[in-house]
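This is the structure I want to talk about, given as structure tokens.
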Amino acid sequence: MSCIVDLCIVFITLISVAASLTIVRLVKGPTAPDRAVAMDILTNITIVLLVIIGFYFKRFIYLDVALVYGILAFVGVIALARYLEGGL
Amino acid sequence: MTAVVYIILEIIGYIFISIGTFFLLLASIGLIRMPDVYNRMQTATKATTLGALSVLVGIGLIDLWWLPKSLILAIFIVLTAPIGASALARASYKHGVKLWKGSVVDKYKDEKEED
Amino acid sequence: MKKALAIVLAILIFIVFALAFVKIPFGEKMSTYPHYYNPITNQTSNMSLPQHYLTYGKNDTGATNMVTAIVVDYRGFDTLGEVTVLFLASTGVGSLMYVENKVKKKVRRSNAVVETGSKLLFGFIILFGAYIFIHGHLTPGGGFPGGAVIASAFLLLYLAYPKFHAKHEKLSVSESIAGLTFVIVGLIGLIIAGYFLYNFLPFGLPTYLFSAGVIPLIYVAIGVKVGSELTAIVDSMMGVRE
Amino acid sequence: MDLFTIVSIILIIITVITAIIAAEMKDLLSAAIALGIMSLIVSILFYMLQAPDVAITEAAIGAALSMAVVIFAIRSTERWEK
């Protein structure tokens, strides 16, 4: 049982390292579309992080937060895209 | 008998989660290393979609009670991630982001007149 | 010079707040006020307030999610005030953004992928928002996030179709009906038991959908109200396009 | 120090960096993107502190609505800060 918990926390650490690597692109990115790509990637990473943390806590009902991000995260990206192409 | 099946499912699930984590790390490294917006988008979006799906399926296999909800989440990701990525790529082309100097083909420029 | 002064001032204010708040026991049993007095049942208990909620909350309200029990049942009148604040914000945005002669702005159409995808996903997002506020007493979430999810669905249609417009009359009608439901449920409680928002319906079994008395009813009303108010805010900020 | 503390420290550092970017950036659209990322990470922090109700509200407001409202404001004024 302890082995399982250890594996989960290792995955959580690796994925949060991936999240901090996308922040490098947010800081560096020369134009706004680069930063928008970083946000698009970070939403997917966040969904996975929420699911694995919920699994680490063994709480089934915590999955609802990840569901909200899974269905709503792309609306913000589409708002950005429509502004950038001059459609707003 | 059933205990053995559960242990095998758990091992397969952990393998799936490791694959997913690996792809997420690869996606974020590609986001830093690639030269222009379109290359970054192409690397990162595909890799994170695959990584997220793999992690969700793995968690569903470890604890079968989680499988329906994680499959719903996987369906949402499959439906939404390509829409966001394609809208963002089109927007950055129309916004005037130049292609990388090493790219060889630009098919969108020819189709742009019909639009 | 100005920036340094601002930073010094911020640090001073932070120190004052830290000194002021470090003494307050946070969630612990307070030694100086050990008795919690319940004005309705005329009882005193020597538990702290969080302990009292966690011990008696399920029997008092029938809700499994304790945050919902506190927001809608114990502090239901405050929630009515919050919803009213949101209504005032929506009215303020509408009156600020109102222009007499609306200039139609020419904008670029979106492509087929976004249009088809938003048409496909609109129903799913509305369904999911309804799930969030109907299951508010069982799972995390409730009226406010559910309403925000519903407003995001309408925002998606506004983004994808330049000609889309939600009718303001229908929005105000649904918002008023939801607000009236909230107040009428509270007034029925006032008539039956003598205080506002009395939980007059049977509690049922915990962890079932039809449980916790009037809490799901109130949360559905809050969800519809918040959703239509936020949609009205988005609509008035969007302007007229073509 | 266990790994869970390290994860929360990483997330807190990301929150501070994105908040500084959102305050200091001259391009207001990039500032809006940084604000969206900050609300994402703050939602994860609420989630790790076992407050799913706050996390779900932050997710529903911060994912789409607040960024869209900021973008509408940028559209009706100017994109570049002087």
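Each chain gets a letter, A, B, C and D, in the order it is written, and its residues are counted from 1.
Please note the rule applied: a residue touches a chain if its C-beta (ideal position, glycine included) is under 8 Å from a C-beta of that chain, and two chains touch if they have at least 3 such contacts.
Bear in mind the structure is a predicted one, so any value in this text is a computation, not a measurement.
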Path length in the contact graph (chain B to chain D, fewest steps): 2
Interchain centroid distance [CA atoms averaged], chain A/chain D, Å: 12
Whole-Å gap separating chain A and chain C, where each centre is the average of the chain's CA atoms: 25
Inter-centroid spacing, chain D versus chain C (mean Cα positions, whole Å): 21
Interchain centroid distance [CA atoms averaged], chain B/chain C, Å: 33
Residues of chain A touching at least two other chains: 17, 19, 32, 36, 38, 61-62, 64-65, 67-68, 71-73, 75, 78-80, 82-86, 88
Overlap residues in chain D, where contacts from two or more other chains coincide: 52, 55-56, 59-60, 63-64, 68, 72
Residues of chain C touching at least two other chains: 108, 110, 114, 118, 121, 124, 132, 140-141, 145, 149, 152, 155-156, 159
In contact (per the touch rule at the top): chain pairs: A-B, A-C, A-D, B-C, C-D
Interface residues, chain C side, partner chain D - complex: 65, 67-68, 132, 140-142, 144-146, 148-149, 151-152, 155-156, 159, 230, 233-234, 237-239
Footprint of chain C on chain B - complex, ascending: 76, 79-80, 82-83, 86-87, 90, 94, 115
Touch list for chain A against partner chain B, complex: 7, 11, 14-15, 17-19, 21-22, 24-25, 28, 31-34, 36-38, 40-41, 44-45, 47-48, 51-52, 55, 60, 63, 66-67, 70-71, 73-74, 77-78, 80-86
Chain C residues within the chain B interface of the complex: 108, 110-111, 113-114, 117-118, 120-121, 124
Of all residues in chain D, those that touch chain C in their complex: 52-53, 55-57, 59-61, 63-65, 68-69, 72-73, 76
